[in-house]
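Structure first, commentary second.
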Amino acid sequence: MEKPVIAPATEGLAGVGGSALSSGTARWIGILALIALAVALPFALSKYHVFELTMVIIYAIAVLGLNILTGYNGQISLGHGGFFAAGAYTAAILMHRYGVPYWGTLPPAALICFILGVLFGLPALRFEGPYLALVTLAMALATPQLLKYFDSWTGGQQGINLPKPVPPHWLGLDRDRWLYFVALIVLLIAIRIAANILHGRTGRALVAIRDQPIAAAAMGIHTSRYKTIAFGISTMFTGVAGALAAIVVGYVSPEGYSLFLSVSFLVGSAVGGIATIGGAIVGGLFIEFVPNLANDISDAAPWAIYGLAMLLFMYAMPRGVVGTLWPRIGRAIIYTGSKKAE
Amino acid sequence: MARSIIATSALAIGLALTSGLAFAAGQYSPGASDTEIKIGNTMPYSGPASAYGIIGKTEAAYFAMINEQGGINGRKINFISRDDGYSPPKTVEQVRQLVEQDQVLLLFSTLGTPPNVAIHGYLNDNKVPQLFVATGAEQWNNPKKFPWTMGLIPSYGTEARIYAHYILKNLPNAKIAVLYQNDDFGKDYLNGLRAGLGDKAAKMIVATQSYETTDPTVDSQVVTLQGSGADVLMTAAIPKFAAQAIRKVYDAGWKPTYFLSSVSNSVGTVMKNAGYEKGVGIISAAFAKDPTDPQWANTPEYKEWLAFMKKYNPSANTADVQGVIGYSYAQTLVAVLKACGDNLTRENIMKQAASLHDMKLPMLLPGIALSTGPNDFAPIKKMQPEKFDGTTWKLFGEVISGS
Amino acid sequence: MHQFLQQIFSGLATGAIYASVALALVMIYRATDLVNFAQGEMAMFSTYIAWTLVNAGLPFWAAFLITLVVSFVGGMVIERVLIRPVENAPVLAAVIVTIALLLIFNSTAGWLYSYTVQDFPSPFPDRPIFGALITTRDLGVIAVTLVMLVMLFLFFRFTATGLAMRAAAQNPESARLCGIPVGRMLAIGWGLAAAIGATAGIMVAPVLFLDPNMMGGVLIYAFAGALLGGIGSPVGAVVGGLIVGVTENLVGTYLIASQLKLTVAFALIILVLVFRPNGLFGTAIVRRV
């Protein structure tokens, strides 16, 4: 079992690409290069691949939300699929019933999922470890049932078909590429928000709460408030990702939000690196591409191959790809597992 | 002068011949060529609906057999089947890949209502056939709105209406209880029953209970339904839960008139698991032959199917009626593609699919045939009522349609 | 009234199924501090091994014993080979490993045995008694679960290995200093859990019918039951499992439409946990600063 480790004060907190003390210019060049690549890519690929990359971005946003909760806050959630669904159905109902344009559904989805997260965060605070897993598991299981039950709103099993977004004429982009850029902009905003929160007071408080909750409380950090807000921000990100997914796929139904979706987010988070922002993107890539690759390798037992891939990643890089390959970050924020008395 | 006339005529004839030859070489939409026909499909090979994956595997096996026998009009079938785990977003992704990357000619036998609802807008917008969807939902017979989408098997609602008519005729004072799976499949049965009973529905249906596929058993629901005092029970459940329900109803001492959905009336899996004696008297309906029903065991059609399964689909369980369904689906598609001849355009495929006249298939029940028309996209409309006698399903009455 | 009794008994029967899997979960938690999400699938796979043996002609009890031994060894091997590399890694890594095992076992079973539902022989005859309230088979499941519980209790309380295992789980360093082979204890813990799971699966398959997805729903309820009872307590696991089974039935019958049964049942369980965050029989974890 792991022992708790306090982050050495000099190392600072992780952000995008490096610690606060590393060379600022080099970091900015790296980030700009990545963004340039992301912008150029859709023009070199077919519409289908652009659609796939859009899904990667959406999953990355969802996993980023989970990272905030799990990595920085130490709480394991098996229920983020439920918030993904909440965001998706918010968007779907607004578009289908009230004719709200697609871009107008994102702020309400964010707000509603934030509120839901805070509401769930409050009781969830009482629980730890496997108990919290159970509570979040219940959320994931309740979601399809509730969606099917309130069928006058949600369309029940039939689901809701969404109108297809129309890209602005003056850009000359087709729908797939336009939606890719919309998703990319949302991802960049999400990363910016996450970095700001986690670099500042809130972030330091969250790490303190995670590593040494009793000391943190003794120092005057209002643990329940911070933990609840962390939950709310986490679900807000995942909810916005859900809304985007509904818009891009064009259809929502209860079958699309099963327990397996929540599990996939958790897997993506762990494989990418729970306490990292870059890991969210790796997680998104894993969730989107590895199942298809597994299917190509073996169509008799593809999920066994997927499971093997998960095992290999966890053995080789137990802190996730970004968590292991950027050791400074990994060392600075080591996720603690043990809560037993010494 | 004469030479120029002859030259022009020769030129004209030459042009006519070559363009005629170009016609003879075939008209193609993407996915078809002189040598190949690419067919796309999605199936839930994983996840809660994975029991239906055998349909896709059987279809693939059948196409492999056809290829060995020379293909369709000399063209080999390239059947590309992808797993969507019964998750509609995944179905959308796989179908887009099939259409845009793999460039398939048509989508065939895509399984499940939500997955098909997720893709029917895209396929109709792009004028790609969504042919012979593998689901019994009501909505696939809508040629005006979705001219590229066609179902095959009778809808669940049709079947439920058949039961409703039987009840109205023979049990007019019945009190009905319904056990249904809490998804589109179960709901279709419930709604079909209500529609068939008309304005008597509210009075006659005294209790309904649903279950999720994550529920381990349905014993509790059966007990609740029994407590309602009903004397008729309809069960819209998949094989595992159907077997549990039959057993529990018997063990609890309840003896209702029992209507069992055709999805789970297999002798060798459901009735055997429940216990043959516990299923005596149960009424169901069918359109295909149950491979475990002794009455078909010595017929040439069954033997041919069994030989096919053993040679080309050895990993499949031959007790599973879905193997017969997949076989029949594949035969229907092969017949349609053969009828297209060298005109393998998507328009012609839909046209041929909408021109089936009383087409019989070896593993369909006697009296059941496929027919379609420009306004009729429901190839099989009728089912045969049957009653279980402890060993086999005794067909009774006439083949009837549910409308 | 009759209906009420029927629901209670039916709930106890289903609850015993949850309880038996919950016992395996608790076993692993006590030994290694992990929730093994693959427990259900491992049990299912063991049941398929038994089914293969029975179909090959072996009598039931021979198949049962062989399966127990194979499962025990298999559980130990899994712990040594697959769990050991992430023993000192973050907890989430171990969780992911168990989820990966879940997928591997489920997918492999589907590939080897197809998804068609099979029946499975039961050592107990299937006769309704007490006026059709319950069958002898359901009673058999309850009985075997209670027997396993008693055996586990005796094992932990009164045997040297049990004591060593508790020590190894609670404080590995001190246990090592006392000469306890901690690694072997962990492996034995997993082996025992796998054997318990195999027993659960074999008992349960005649009731639920055997298919690769047989244990999916059961695991969720078993998990809830184990936590309700207190994740470290075998007695809690059994009581929790039974309570979950009965609650689920009563909720579905009297409280809310069956379409919301799962949601409401879980909400009630969580409500109980709000007042007793460590479960009914769990002990509060004392953390020293």
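Per-chain residue numbering starts at 1, and chain names A, B and C are given in the order in which the chains are listed.
Note that in this section a contact is a pair of C-beta atoms (placed from the backbone, for glycine too) under 8 Å apart; a residue touches a chain by one contact, two chains touch by 3 or more.
The shown structure was predicted, so the numbers you read here are calculated from the model rather than taken from an experiment.
S.K.: Which chain's centre, taken as the mean of its Cα atoms, is farthest from the centre of chain A?
M.R.: Comparing chain centres, B lies farthest from chain A.
S.K.: Determine which of the two chain pairs, B-C or A-B, is joined by the larger number of C-beta pairs in contact.
M.R.: Ranking B-C and A-B by C-beta contacts puts B-C first.
S.K.: Counting only Cα atoms for the centres, state how far chain A is from chain C in Å.
M.R.: Here the centre of chain C sits 31 Å away from the centre of chain A.
S.K.: Could you please state the distance in Å, as a whole number, between where the Cα atoms of chain A are centred and where those of chain B are centred?
M.R.: 39
S.K.: Going by the contact rule already set, what residues in chain A reach two or more other chains?
M.R.: Expected reply: 141, 145, 148, 302-303.
S.K.: When you check chain C against every other chain, which residues touch at least two of them?
M.R.: 107, 110, 220, 257, 259, 262
S.K.: Residues touching two or more other chains, restricted to chain B: which are they?
M.R.: Within chain B, residues 46, 48, 182, 212, 214 contact more than one other chain.
S.K.: Can you list the chain C residues touching chain B in their complex?
M.R.: So the residues of chain C touching chain B come out as 2-3, 6-7, 10-11, 13-14, 17, 107, 110, 114-119, 126, 128, 132, 135, 207-209, 211-213, 216-218, 220-221, 248-249, 252-253, 257-259, 262.
S.K.: Mind listing the chain C positions that touch chain A in their complex?
M.R.: Where chain C meets chain A, its residues are 29, 33, 35, 82, 85-93, 95-97, 99-104, 106-108, 110-111, 170, 172, 220, 223-224, 227, 231, 257, 259-260, 262-263, 266-267, 269-270, 273-274, 277-279, 285-289.
S.K.: In the complex formed with chain C, which residues of chain A make contact?
M.R.: Spelled out, the residues of chain A in touch with chain C are 1-2, 70, 76, 123, 126-131, 133-135, 137-138, 141-142, 145-146, 148-149, 214-215, 218, 263, 266-267, 269-271, 274, 300-304, 306-308, 310-311, 314-315, 318-319, 334-342.
S.K.: Quick one: which bits of chain A touch chain B in the complex? Just the residue numbers, please.
M.R.: These residues of chain A touch chain B: 46-48, 51-52, 55, 141, 145, 148, 156-159, 161, 245, 249-256, 258, 260-261, 295, 299, 302-303.
S.K.: Contact residues on chain B for chain C in the complex?
M.R.: Result: residues 46, 48, 50-51, 53-54, 182, 209-217, 219-221, 223-224, 226-227, 239-240, 243-244, 251-253, 269-270, 272-273, 315-317, 319-320 of chain B touch chain C.
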